[in-house]
Amino acid sequence: MNILTLFVVIPVLTVIAILFSKDMKQTRLISAIGMGIQLILAGILVYSYLGMRKAGITDEFLFYFDALWFKTLNIHYTIGVDGISVAMIALTSIVVFAGVFASWTVETLHKEFFISLIVLASGVFGFFISLDLFTMFLFYEIAVIPMYLLIGIWGSGPKEYSAMKLTLMLMAGSALLFVAILGIYFYSAPAGGQLTFNLLEIAKNKIPIEMQRFLFPFAFIGFGILGALFPFHTWSPDGHASAPTAVSMLHAGVLMKLGGYGAFRVALYLLPEAAHEQAWIFLILTGISVVYGAFGAIAQKDLKYINAYSSVSHCGLVLFALLMLNQAAMNGAIIQMISHGLMTALFFALIGMIYGRTHTRIVSEMGGLMKIMPFLGVCWVIAGMASLGLPGLSGFVAEMTIFIGSFQHTDTFHRFMTILATTSIVVTAVYILRVVGALLLGPVKNDHFLELEDAKWYERLSTVTLILSIAAIGIAPLWLSDMIGFSLAPMVDKINSVTASIAGIF
Amino acid sequence: MTQGIPLNFFLIISTLMFFIGIFGFLTRRNLITMLMSIELILNAVNINFVVFNKYLYPQQLHGLFFSLIIIAVAAAEAAVAIAIIINIYRNFKSIDVDNVDEMKY
Amino acid sequence: MVFNDFLTMRHELILVCMILLVLIIDLCVSKANKTVMIPVAISLFLIHTIIGFLPAQSGVLFGGAYHSEPLTVLMKNILNIGVVIVLLQSAAWLQKEENREKISEFFMIMWATLTGMYFMISSGDFLMLYLGLELATIPMATLAAYVHHQTKSAEAGVKFILSSALSSGILLFGLSMIYGTCGSMYFDTIQTAYGNAPLQVLAFLFFFSGMAFKISLVPFHLWTADVYEGAPVNVTSYFSVISKGASAFILIIVLYTVFHSIAYLWKDVLYIISIITMVVGNLFALRQQNLKRFLAFSSIAQAGFLLLGLLGANEVGMTATIYFVLVYIFSNLGAFGVVSAIHAKTGKENISDYNGLYKTNPLLSLLMMLSMFSLAGIPPVAGFFGKFFLFTSAASAGYYWLVFIAVLNATISLYYYLMVVKAMFINKNDNPIPYFKSDAYTRVGLICAALGIFVIGFWSQIYEIITSLAFGVIK
Amino acid sequence: MVNYAYTLLIPLIPLAVFLFLGLTGHKYKPIVSGIIGTLGLGIGAILSYATAISYFFVNHVDGTKLESIKAFEIPWLHITENLTISLGSLIDPISVMMLVVITTVSLMVHIYSIGYMKGEKGYHRFFAFLSLFTFSMLGLVMATNIFQMYIFWELVGLSSYLLIGFYYTKPSAVAASKKAFIVTRFADLGFLIGILMLSFFTQTFDFQTLTNPNGPAIANNYGTGFMGLSLITWALLFIFMGGAGKSAMFPLHIWLPDAMEGPTPVSALIHAATMVVAGVYLVARLFPVYALTGGDALHVVAWVGGFSSLFAAVIACTQTDIKRVLAYSTMSQIGYMMLALGVSGYGGHDGLGFMAANFHLFTHAMFKALLFLGAGAVIHAVHSNEMGDMGGLRKYLPITHITFLIACLTIAGVPPFSGFWSKDEILVAAWHHDKVLFIIEFLVAGLTAFYMFRLYYNIFWNKDTHYHHTPHESPLVMTIPLMILAFGAVVSGFLPFHKMVTSDGMAIESHIDFAVAIPSVLIGLIGIAVATVMYRKPGSLPDKIAGTFKNFYKWAYHKFYMDEVYLFVTKKIIFRYISAPLAWFDRHVVDASMNGIANTVDATSKSVRGFQSGRIQQYGYVFVVGAILLVLLFIYIF
């Protein structure tokens, strides 16, 4: 069987296995094993992918597999990966693996919890491997819907409200998406040709410009909502705040990446002319969410809210860079997706662990935790440093690639927006250090905290996994960025091959 | 013998009957009378069929058959309806339509 | 008429024989053990269903008044499957003390209406159509009023019979004009003769509103909620699934064949009606507490979606619609199955009663959740595919904004479907519905529904078969 | 051509030490980590001396150009086809000089800390951080391209943050570290933007390409871009902003005094000798670009440097916390260096300022480290930073006293101590370039002498404070570094810098310009004399003088209220008038509008329920009306 299909099959098998597990210990063990296999598989995938590239195979997509599903509508089960999706798959498997360990102590309805978690994961994997818009959309919704149960049942605070809000807003997003997909489908071939959902086929054909103008906003906003595009980001703070640890990890770490990835694969890649024309509108929006998210984070009091807003800022940067429509910036965008995925997952994991001990997430109520739980403290500092873009950690690589890349744009407007975006790194520093100072350093505020103990082995495992990956990217980014860049180049050329009637507003 | 009367007269009559029937259905409070006004509507339809058949397509009999069948069906309908109305009477101790609004919103 | 001609209308004849058989057997069974009728009837109908799948010959009878094609056979079979499940699910309720002596009536009346639907589907002229319609409608009223000692049931009955009488009156008025303008009742003749003279438009609209009443499209839907709520659960599920499905089939056939010449007209009608229907259905469903009523409005909204398929006015649309009806039958029966199972045991049918159901009856609530997701069109269950293809067909005709509105409505509908899920999984409850084991019939019925919900989507063959039949119907 | 690839080890060893101590340090006895750290640095120091000797003397023929050698380079990240970030080590005069400075001071500080930090908890952490800092600083100076420099620039910022906040349970320390990081981070934003612009125009990061007089940066004329300055000038100004931040130039200096919250050795290493001169190094590194593209940027550099030096010197005269006095004196001295760069030209004797700046950087590193370590010894003895708690310590701390005195004389520019030579060169350069700047620096020289000796007298003479436990001289491990540095402070003035570190690598001849030298020495002596009069013996004179310049004194004492201004901007403006409103906006406008949609739907559904009245006749009515409406619609509209 095609290795990619395994990425969907293994979660399903894990779920089935969980159904037969007797108690919590077995459940979590099974899911740990299942996701462990997934992680190894991802490793193999990356390795063999790089191997094949080294061997000089230059097809756009490797491990390509295609099976006809619905004949009349020409719907296929088409899968294949290029550097980008390989990177995303690796990210996903890491985060899910860490997530399983982060939720090691889920007591209530543990079976259901892990099942929905893994279903979500399978949805994400499916999304990243599929090259057929239909299956892509299918997996997209599979990934979104378990969120409702996960937040609604195991969440905290106003969980029903947040869960419902999150689900409905994302579904509204998929409504936009749906229209876009259908529109693309019916113009996927020259008149009389066989219509298709296959990305590669569609890319060969030029969709009429009027249609693109109509469809692009649908496609981009549709994915943008998931990517926390201002002003459609408000599901994210509430959702993250109410979600249980592992869910926030997966959601901010992986699910939000579906937005960026899809926006690139569908909106920009298939509708290039419109992208060129309308990019500036969304550049402004994303530019806003970059700065706005960062400033918003300063004023928050709840750890999860702080991180949610910083996610808005960082994911905004992803879309921002994508809209620059040049190789370097897009490359940066994808590295940023991975880097943000890892570090925000780490953040949420740590928040969960700290909350599990102190039973509060309000910054002002804590203090001096570094003394009490040094391991978690150090991890937190590392996560913070990653998110404020410190060299040697992944955040720096991503942000610098984005900034330099975007600044190479010949258009003054774009360069100006870039400078605007760069200011976010200072603001980020402000709120990160504020939290570090108030949370970890200083005297211990609450004496009850003194008898709290440091991280358990499973917590260490999950955090260390993430930290290692962050550091790995941060220290040796070359292989990753080249792997992505190689696959990116032809797509970017295709996007830029078209001549847009208007390029930006200047 | 009906040569003298033009088609439109019949149509006007039938249309009038139709709307009288509807008016009755919408205004009368007694379930039985409502049923009767429905019969009125059906008869209007019958007239239509018959006159169309007689005036426009005299060589065939579709209209006549149709009206016959309508009459038959109407009878069946009335039977069932009255049975149910009796049941209503048993439950509500009245056949005033205004009482029959237990379920709403 | 030779014997072969009878084979052509096999479905109808066999079903009529079944009805008579049940009648005869019922006479032989003593009052004490009437319940034996349940397995008998169900097995009889099972046989009928299986026979239905045997290769049938297509042909035309009564000078074109009756015609049978692979497509109509398929439609009838789909209905049969639905009915089987309905019967299985109603067993538990029929066994109750108060229904004992009316068991056979239940079967006979239901099957009579089914025969009516068969005739409607195969009708080749409006006379047959009208006959079938009434045959499908009038006995239904008695089903609605089945539990004669319940005021609600009686009310439902009278509401249904009166409003349906009105609607068929208006429909007939329309038919009379069609006759007046075309001089024939045969579909083929009318099809060629039909133009857009005001009288014909008027006639079409009257006819359409009559049909819309059956599928309960806004503004002809108002009876739906009350009747669904008043009627016994299983009758309601029969209403909402089988009768609605049948009327949808007939609407397809009539629109695509008889009125094909004025497609441009009825497309506009459907466009407007579908939007209104979706919106109103959702708006009302939002605040329902009684599950039957809730499902009634959700089914109205679903009908609104269904029109999008018709709008395609091509094979894709036809296929999508039939496929959607199939999916819808299973999803809705899943939901109704759970409702009836719980109602049969506890008599509860409010959403708030379902709080914390997952704790006590996990399987039931899982099935309920699946059906809800399927109705809301969430993958991987069948509903997603159904909706996707429907909207595709609408988009194929270029109705992107309509599709957008529809998908937004689907999002709204997701809200209230999730409210049910929330009740079962999230809400806390001090005294939830206790655990119970439902009898074999119900379980089989539920399993069938669940299977349907899962399989239909992924098994693309079904879709392909429908497609292959759908081609060639449109002339 | 000699292969200097081994210089790679100089930064890598501290890195290894950092990782080792950071991961396993807590397992051993504290002293072990101290020794490991020191050894590691020792090797580094030896290597860099070797490099220096071989580069300047062994492998350099007098009169030839000192080439800049790219000893080693690997690509780290490809960004565009032209722009590649690579890591490597660049060997040229200034980098080699910096290697020597950093390793020397760092080694001294390590040795010193073994004694100073004895008994502190987090001993291994301290040494780990020291090694991390050394690593980053070395990486910074050896950078082959501007982006590598930025990378290590950030790392330096981090390690400074960690070291300032070493006593992380002390709120003031936490605040100080945070302040230092954010202020410098803000400056780094300028640096980054500068890099972006520079790389956009020149399509390269590489120093050798950038500084090549025929390279794209200099040769291409980018014309006047914005507000009369060429875009390249803007880029350079932004880059200088970064430098100003690290080097605590006005107005980005506010973090430096607070940074004294860190342990004293840290102040000696980071905030006196090495990190704070990174800004100077940055400008020096890009000097050809600054000098050969109009020089507008250099004027800014010169004036910022000049003003900062004066500003800091004035404040230094009023402070009572000895470490803060030193901090301000550092700022003032760096102002000197900046000014020297600013007044310099490229090549030949115009490049005097460049040479002088690096010369002063070198000597300053020596004596300022010495001053801080000495102050550390004093604090170690009396457990206080306040002048008020000191006095008459010469009896108790002889070695500290002597070394401290040497340092003071050096910084006061008294011949033959090294400070005299370097400062003299700067004054000469200023004299040739711009008289106003010369006057400023001349005054500052006097002020410097005054406040240094004010400090000196207040610590070692003045009143005979009664200590409840008699202060005692620090252990050898602390005093030896003092002596070594004192030696350095004395002799480093005689190094032939004019042969070694020049703007274009060619040696220039230098001579004492008595017209400048004599007055500068005199004003230094005057400053010393005034200080002697005022502070040698306890007396009311200082208060009187302070009284006469009441307001001015008050302003100077409060550092001209810069902190308050910043607090106002950050707390009030940013936090209260930007973030909080944004957060509110997000909740009550953006989010509310999303909820609003849902609420409207809900409200509508409530309002339409009346339709379902439950009355058959109404149903019939709606039915008929609906049908008729359809008819009207389609017969009369379509």
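The letters A, B, C and D name the chains in turn, as written, and every chain counts its residues from 1.
The working rule: a residue touches a chain if its C-beta (ideal position, glycine included) is under 8 Å from a C-beta of that chain, and two chains touch if they have at least 3 such contacts.
Bear in mind that the values here come from a model prediction, so they are computed numbers and not experimental data.
Contact tally for A-C versus B-C: the pair with more C-beta pairs in contact is B-C.
Measuring from the averaged C-alpha position of subunit A to that of subunit C gives a distance of 43 Å. Annotation: 27 Å between the Cα-based centres of subunit B and subunit C. Subunit A and subunit D have Cα centroids separated by 37 Å. One simple way to say how far apart two chains are is to compare their mean CA positions; for subunit A and subunit B this gives 66 Å. With touch defined as above, residues shared between interfaces to two or more other chains in subunit A number as follows: 168. Contact with two or more other chains is made by residues 22, 25, 34, 100, 102-104 of subunit B.
Residues of subunit D in contact with at least two other chains: 609, 612, 614, 616, 620, 624.
Every pair of chains that touch is listed here: A-C, A-D, B-C, B-D, C-D.
For subunit B in complex with subunit D, the touching residues are 22, 25-27, 34, 97-98, 100-105. Those residues of subunit C that touch subunit A in the shared complex are 316, 319, 373, 378-380, 384, 388-389, 391-392, 395-396, 398, 400, 403-404, 407-408, 410-411, 414-415, 418, 421-422, 425-426, 460, 463-464, 467. On the side of subunit D, the complex with subunit C involves touching residues 601-602, 604-606, 608-609, 611-612, 614, 616, 618-620, 622-627, 630-631, 633-635, 638. Only residues 609, 612-617, 620-621, 624 of subunit D touch subunit B when the two sit together in their complex. Per the touch definition, subunit D reaches subunit A in the complex via residues 75-80, 83, 85, 147, 150-152, 154-155, 158, 165, 168-169, 171, 174-175, 178, 181-182, 185-186, 189, 192-193, 196-197, 199-200, 574-575, 578-580, 582-583, 586, 590-591, 593-595, 598.
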